[in-house]
Amino acid sequence: MHLFSFHTMKTPEEYKESLRKMRANIYKFGELIEDVTTHPFTRRTIEGHAQIFEASLMPEYQELLTTISPLTGERVSRYLSIIQSAEDMVANVKMKRLMFNLTGTCTGGRCAGFNALNAMWATTYEIDEKMGTDYHKKLRNWLADAQKRDITLAGALTDPKGDRTKPPSKQKDPDMSLHLVEKNEDGIVVRGAKVMICGVAAANEIFVMPGMRYGEEDKDYAISFAIPRDAENLTIVETRRPSDGREAEEGFDIPVDIGGITQAYLLFDDVFIPWDRVFMCGEYEFTGNAVMYFIAPYRAAIGGCVAGQGDIMVGAASLMARANGLNEKVFKQKLVQMVINNETTFGMGIASAVLGKKHPSGSWIPDQLLANVNKVHVATLPYETKRLTQEIAGGIGETGCLPSFKDIYDERYGKKLQKYLSANCSGETRAKIARLIEWLTIGAGVPGCMHGGGSPDGAKLVINASADIEKLIEMAKRLANIKEDIEAPKKK
Amino acid sequence: MHLFSFHTMKTPEEYKESLRKMRANIYKFGELIEDVTTHPFTRRTIEGHAQIFEASLMPEYQELLTTISPLTGERVSRYLSIIQSAEDMVANVKMKRLMFNLTGTCTGGRCAGFNALNAMWATTYEIDEKMGTDYHKKLRNWLADAQKRDITLAGALTDPKGDRTKPPSKQKDPDMSLHLVEKNEDGIVVRGAKVMICGVAAANEIFVMPGMRYGEEDKDYAISFAIPRDAENLTIVETRRPSDGREAEEGFDIPVDIGGITQAYLLFDDVFIPWDRVFMCGEYEFTGNAVMYFIAPYRAAIGGCVAGQGDIMVGAASLMARANGLNEKVFKQKLVQMVINNETTFGMGIASAVLGKKHPSGSWIPDQLLANVNKVHVATLPYETKRLTQEIAGGIGETGCLPSFKDIYDERYGKKLQKYLSANCSGETRAKIARLIEWLTIGAGVPGCMHGGGSPDGAKLVINASADIEKLIEMAKRLANIKEDIEAPKKK
Amino acid sequence: MHLFSFHTMKTPEEYKESLRKMRANIYKFGELIEDVTTHPFTRRTIEGHAQIFEASLMPEYQELLTTISPLTGERVSRYLSIIQSAEDMVANVKMKRLMFNLTGTCTGGRCAGFNALNAMWATTYEIDEKMGTDYHKKLRNWLADAQKRDITLAGALTDPKGDRTKPPSKQKDPDMSLHLVEKNEDGIVVRGAKVMICGVAAANEIFVMPGMRYGEEDKDYAISFAIPRDAENLTIVETRRPSDGREAEEGFDIPVDIGGITQAYLLFDDVFIPWDRVFMCGEYEFTGNAVMYFIAPYRAAIGGCVAGQGDIMVGAASLMARANGLNEKVFKQKLVQMVINNETTFGMGIASAVLGKKHPSGSWIPDQLLANVNKVHVATLPYETKRLTQEIAGGIGETGCLPSFKDIYDERYGKKLQKYLSANCSGETRAKIARLIEWLTIGAGVPGCMHGGGSPDGAKLVINASADIEKLIEMAKRLANIKEDIEAPKKK
Amino acid sequence: MHLFSFHTMKTPEEYKESLRKMRANIYKFGELIEDVTTHPFTRRTIEGHAQIFEASLMPEYQELLTTISPLTGERVSRYLSIIQSAEDMVANVKMKRLMFNLTGTCTGGRCAGFNALNAMWATTYEIDEKMGTDYHKKLRNWLADAQKRDITLAGALTDPKGDRTKPPSKQKDPDMSLHLVEKNEDGIVVRGAKVMICGVAAANEIFVMPGMRYGEEDKDYAISFAIPRDAENLTIVETRRPSDGREAEEGFDIPVDIGGITQAYLLFDDVFIPWDRVFMCGEYEFTGNAVMYFIAPYRAAIGGCVAGQGDIMVGAASLMARANGLNEKVFKQKLVQMVINNETTFGMGIASAVLGKKHPSGSWIPDQLLANVNKVHVATLPYETKRLTQEIAGGIGETGCLPSFKDIYDERYGKKLQKYLSANCSGETRAKIARLIEWLTIGAGVPGCMHGGGSPDGAKLVINASADIEKLIEMAKRLANIKEDIEAPKKK
């Protein structure tokens, strides 16, 4: 296969090499992971992210995965670009569907970072406009450099929060959200944690921004910056995922080698960030907008993600049907429903992209209402798709109800198991398909799409706020020729 | 209010005048309707269609409802335009939402005609390319003239069909689908019927095309043409709609005066059509494409229709809640779900528009898969929206459970009824709102969105045909590293 | 057909005769209805109720529709019985399904009365126990007599209410709920209205009780009694229903002659009730229980109602499919879903019946939680059943999109319409089926099941109150071996 | 706590002792499990089953979990009883709900055995009646003895099946379903496998019966018998479950110690069964009934199972909400929906029980239609319940997104993780709740309810077969006064 070559863009191998050079600061099960590219708990996610680099160099995917940067004039990864138009945003939605198609799961070390830098692109522009600061210029400089280095950039928003009824500054422990502890000539020092952060093991840097709107008393929490993943005093602990223990085993009980997810707790123990990487420091008035600029593209594009995994489920379910000896047409109604679910979240992402509007900073903000409607679909439709996948697959797929790889190859009884697993294909192949379905629907391949990028209830708040009830009431009154004014009673 | 004035576009009054000039050939309840603009069974739909003319002249709606015709260089109604781009198609979706907002219901005398002429625009181009005919030129000429005359154009596809297990030529009676009976120098003569045709009472002309794919033995059924609504030998019988008897009554039991639907049976008793109005005559090989070119924009745009009526339902339900003495926020979850339903069909229409592609004839064909997914949503989501409207409204709205206008104003007990109907507003206003909700959810305002433009089961066939199962299976196999080929067993 | 004959039970003709003897006090469209058994606006509901009398005398239905009264030792209508056991309650659910099967719609002149007298049976027992009154004895006497007279008894709970944020005594107008105005040696005098009351046209008497829990300041609203439908100073106005105008027309546009619903506004202008018919007068403390005793059997049994209408929809949709020339098996998935919906509301009614408990008064109170869960199903599942009926039926059924009876038989074009309506049966038969589907799904046959007997939101309040969250939390803690106590934070 | 003591019933310790005495023949990960009561891969399911013994001796549960056997006159486990009445079947549904409440998951070593012996109770009666055999007497004798020994009895129906388009006798390999290989004076010898068999590790014996209807050519597959779990030549391989690797780890990453599921592949390598344990051998004509008698009680009672786990989810979600610092009332709508789901499957089980009928053998067959409707609900509603649990829990519960037990207690950073995990409770407690939610919704606690006892598509076939379409069509015709007969067209 011929690959394009661009001097600004890394090959998969160069990408892995860049990770190997970094300081080891990631732990799982009490063990420090020395080389993330080979360690069983991280290598799959890195293989998945490496596919982005590979596909970016392939003619059929290049237009989707890369774009020309106005900052550098060079072709850069779309994940390091500013979304400047409806077309860019449409490409974002399609890119995410493609990457799920290629990896079977989430390549979370890129999308939150991509969204965060876009959100801060618009936000820093607004801060500078109003406050006379120079955050936007610094972000522009850092980004041009990041594009040249072709880094993988994770994004980190979620704080531990502690007691959810109180703002950060009212917590017993001030560290329950990430905050400023010192500001000096060279930069700032921060303390706290960001939690459930996707894909940091696959990332070179992490883009940090606030996860919620803050008031004045919480201004020390209004901070945004980019740091190397291996920054001093930053400790990372990877979380468990369903069946993650199998990742250390031999065989196909984790059926996918070329994709995987990780989610981590980032512990900031007085981490220093130089000023040229600081993009917000105390400007609490802009945290609300920053979050809204993050969620619009995120909640639009995530429709592409779940559609992309849904595609795999349509394929895997059909394959399992055949393996079981049934024509997949027997399940036509179910497969059509799965396609409807996939295309709905994909289509709503596209529509949100197209109905967006240009921000004065040059970035493109997708339509907020449609993006949040899509978030609600993303929190419901894929669950039906998973259920239908299990329904088509039969009992063997439902809970992965088949012997382990080790047993299937046991000297004493393995041959018998293989015989009894065989149907319209070998027992081994049928076992692999069953494991794939387990992985997709109730295993390590299930992405955190319901709460990733915020909860569906949060999305409903935005939908509710977007609905102009008074205007719709006037429409109804006009139609029925009603002149009397009816005041809304106080809600009890 | 200042209205724009364009010499090519009619005012509402000119539109009505054009209808009054036509021959009376529409019947209902055995009565010939002499003046459709004033007769109680047709005047509401004409008021609805007249709003298109009015809004087309209003600055805030002009861009949406009109466009510049490349045929004439003049500003023309969008309903008489060729959809040439994603933007045109997006405008189509938005236009339909707007018209439901303004009329509360369907202005069906325009959209099927609009779709049919676009479908035949591409189809005549293909016929001419392959067969050396000149249909496309004739269509172009007719259209340029129609634009100048600013006509209202209904569309007619659905044949009676008879026994659905047999094609037209195998029916006992050859007339069960509309067909050619004579072809001569001047034109053709057709016989049969088109049924359940929307909005002909409000139309100046009717665009006729096949409603399904035909084989060679049915080539006499492969006909398309445009005729005046009052053509010789064409008899039109309007159907009943829920509660249509009320349209002849005084008062607000039909609560909307500025919108309404009609659907008719068109009886063609050897109707003559001159050749310059004939756009297909026997070219059965192109009927399949013609239908597909019809359904793509129709099924995309209908998402705007039901969203537009859903908007009114959000408004009407909120107003009813207030009239009942409750703050609509009490029903926040339900209202959010209604908004989600509205925006989903709207958004899917937009996405289908955007992901379409250019036809060699210059027309724009929306994405077929997304359009058909939307058709399924249109056949389900609005039903939930109606149910929620009734749920919010309370018993008084559910089945319109309140006395008639005549009783509410009865000399003996009307005042008492008004008193007992009053709540957080007068009894009269509360009754009007209840009637509006009845009209929207179980009355004459309910559009035939489930089967209009074809059934959801038909849409599912297209979805099924669009899903590339083999490709998705390959994706799944690649992920799980499966090499064994598994053949699809025969379906029993 | 041989009919049983019981001296205590009326024949259908005797039932109609009993109605004809009553004073005319029912109005619709400003007209006083002299004979409810023949007037087009009331005769269908009376035919429906007459079927109860007929079926009660038929061997196959006798066990279901009648029972032996412990008060009289005679066989009486189940609608006039006290529900004393799980078996009685199961029979109630089945009886309602049967009556929908036989009439196609609601025979609402009996079930609310039946429920109300059962609710007051338990309530009067409790009042007497606590207050030393003799309401229960009076109710027993009245009931024994009612059984002997074999009356049809409607029930009336719903008050106009006015401003829903205020209790009756705080309304501007004290009449917004029915209330006591005078109490004397002979009886009481009441004023106000009961609204949306089902089936009074078919009833001999009306059982009135409070529709909600009242506090002390509203004690004048805590009244219950039974009165003849034609009581002095009681004026009844029938409401409109969808397409009710057709009831006065000739032909089959109202397709069902042997069933129909009415709902009325009852205007009480100082109506006198003698003491032996008064079952509550001021004992406000018992209104809460009275309502709960009403809703338990009502919300359980209504599952039988909607299942019974759903049965007809399965039949009508299958028949329409055949008439269209399609085998109903084509729609197997949809028909199975309709059956699931029917059996779910039916089954939940049965389960609520069986898990009930005996009240000290001897009556049987169905399980409140399951009854209210069923109310939520009744407010959702039949809507899907209706939608599926329309989907199977095709466009002709969706909105009753076919010409009127008058047009189908018009001398000029009627034969043509009949021809074009014909398919796998005559045009006339196909039209009748289409009208039946319209009537069932969007016409006069649609019962007010969503809000009848209270709203689904009210049911959810009961469900929420029934869920013992603390107990379920303890279960979860025990399983995960959690010892720490976690207090519920205040809800903001 | 005082426990009852019955000489026929084992204590939990006696139960475990009975297991320890058995021959080791269960493998997992290539390892022979010597003591199932202590081995990490089996001990949790045995603890769960031991709770049945404990609860059977507790006054509050005794009536539900035990009954008096007509065979022995002694109190016996309900799991070893014949279901003889609606009350017995209601108790079965409630018992399963209780056991899920107590163990959090499935105690599958008992219910399939219980169902299988009941199915064969009726079936052997029918065989003997028709064929003059003595299977029923042998079953009665074996059962009386089993009751005295108070054994735990698993059930095994599912065969590997191989190519699903062919019956067993047409497979390339005759062993793809379990079959007879030899019949002699002492008994029979069988070969093949039963797969995905629940709870055998916790069982003393296994009741085997056919899993589908067989024709004459497959009569060697028509076999039923009971054998000790440790029978000669029987090898058992336990399957993997989601996250089952954690079961061998220390700490709470498997959060439940008192419940667990196992599912196994049973390899029969010429296993001998003496005649007095053989209950069918070649009587293929009765296999259809046998299966139907199995699925009726199974599909009714499984509604209790999923309701019981749903109860835990309501508790766990509420607890997580509190732990997160939110009052669970914030999620009232979601919790009510979860309760509705729970009560619906529970209620449908109850209704199926009550509407059942007595078999001549004395056993009670629940209503087939309602049981199968319930199977469809069981395959859909719990998936929504799980989704809502994850939605309420927040991101930490969705995919169990938190560090491992080992990391939470790591010397270097464990304290920090605990701090950041704390909210309205300690970090440890919050972690335990999150793990419980993961276990319930996407972990080892998820039961195989969709395909256990047969698939929902199979249930829909039964529903379809149960619906008497002709009768419902006649109902519809009667209502609309339709006399014309309409034949069903052939399905294409």
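We call the chains A, B, C and D, going by the order they appear; numbering starts again at 1 in every chain.
Convention: a contact is a pair of C-beta atoms (placed from the backbone, for glycine too) under 8 Å apart; a residue touches a chain by one contact, two chains touch by 3 or more.
As the structure is a computational prediction, the values presented were derived from the model and not from experiment.
Asker: Which chain has its C-alpha centroid at the greatest distance from the C-alpha centroid of subunit A?
Answerer: C
Asker: Equivalent interface to C-D, which of A-B, B-C or A-C, with over half of contact pairs matching by residue number?
Answerer: The chain pair with the recurring interface is A-B.
Asker: What's the call on subunit A versus subunit D, same or different interface residues, using the half cut on shared numbers?
Answerer: Homomeric contact, same residues on both sides for the most part.
Asker: With chain centres taken as the means of their Cα atoms, state the distance from subunit A to subunit B in Å.
Answerer: One centre to the other, that is 40 Å.
Asker: How far is the middle of subunit B from the middle of subunit D, if each middle is the mean of its Cα atoms, in Å?
Answerer: Averaging C-alpha atoms per chain gives centres 52 Å apart.
Asker: Just give me the whole-number Å value for how far the CA centre of subunit A lies from that of subunit D.
Answerer: Comparing mean C-alpha positions, subunit D is 38 Å from subunit A.
Asker: Which positions in subunit D are in touch with at least two other chains?
Answerer: Touching at least two other chains: 163, 165, 325-326, 333, 424, 489-490, 492.
Asker: Considering only the defined contacts, which subunit C positions touch subunit B in the complex?
Answerer: Within the complex, subunit C touches subunit B at residues 27-30, 158, 160-165, 173, 175-176, 193, 195-196, 235, 237-246, 249, 253, 263, 265, 267, 324-326, 379-380, 383-384, 387, 390-391, 394-396, 398-404, 406-407, 410, 413, 416-417, 419-424, 438, 442-443, 446-448, 450-452, 455-457.
Asker: Which part of subunit D faces subunit C closely enough to touch in the complex?
Answerer: Going by the criterion above, the answer is residues 90, 101, 103-104, 252, 255-259, 311-312, 314-316, 318-319, 322-323, 325-330, 332-333, 335-336, 339-340, 343-344, 346-352, 354-355, 369-370, 373-374, 376-377, 424-426, 429, 432-433, 435-436, 460, 463-464, 466-467, 469, 471-477, 479-482, 484, 486-492.
Asker: Spell out the residues on subunit C that touch subunit A in their complex, using ranges where they run on.
Answerer: Where subunit C meets subunit A, its residues are 165, 333, 489-490, 492.
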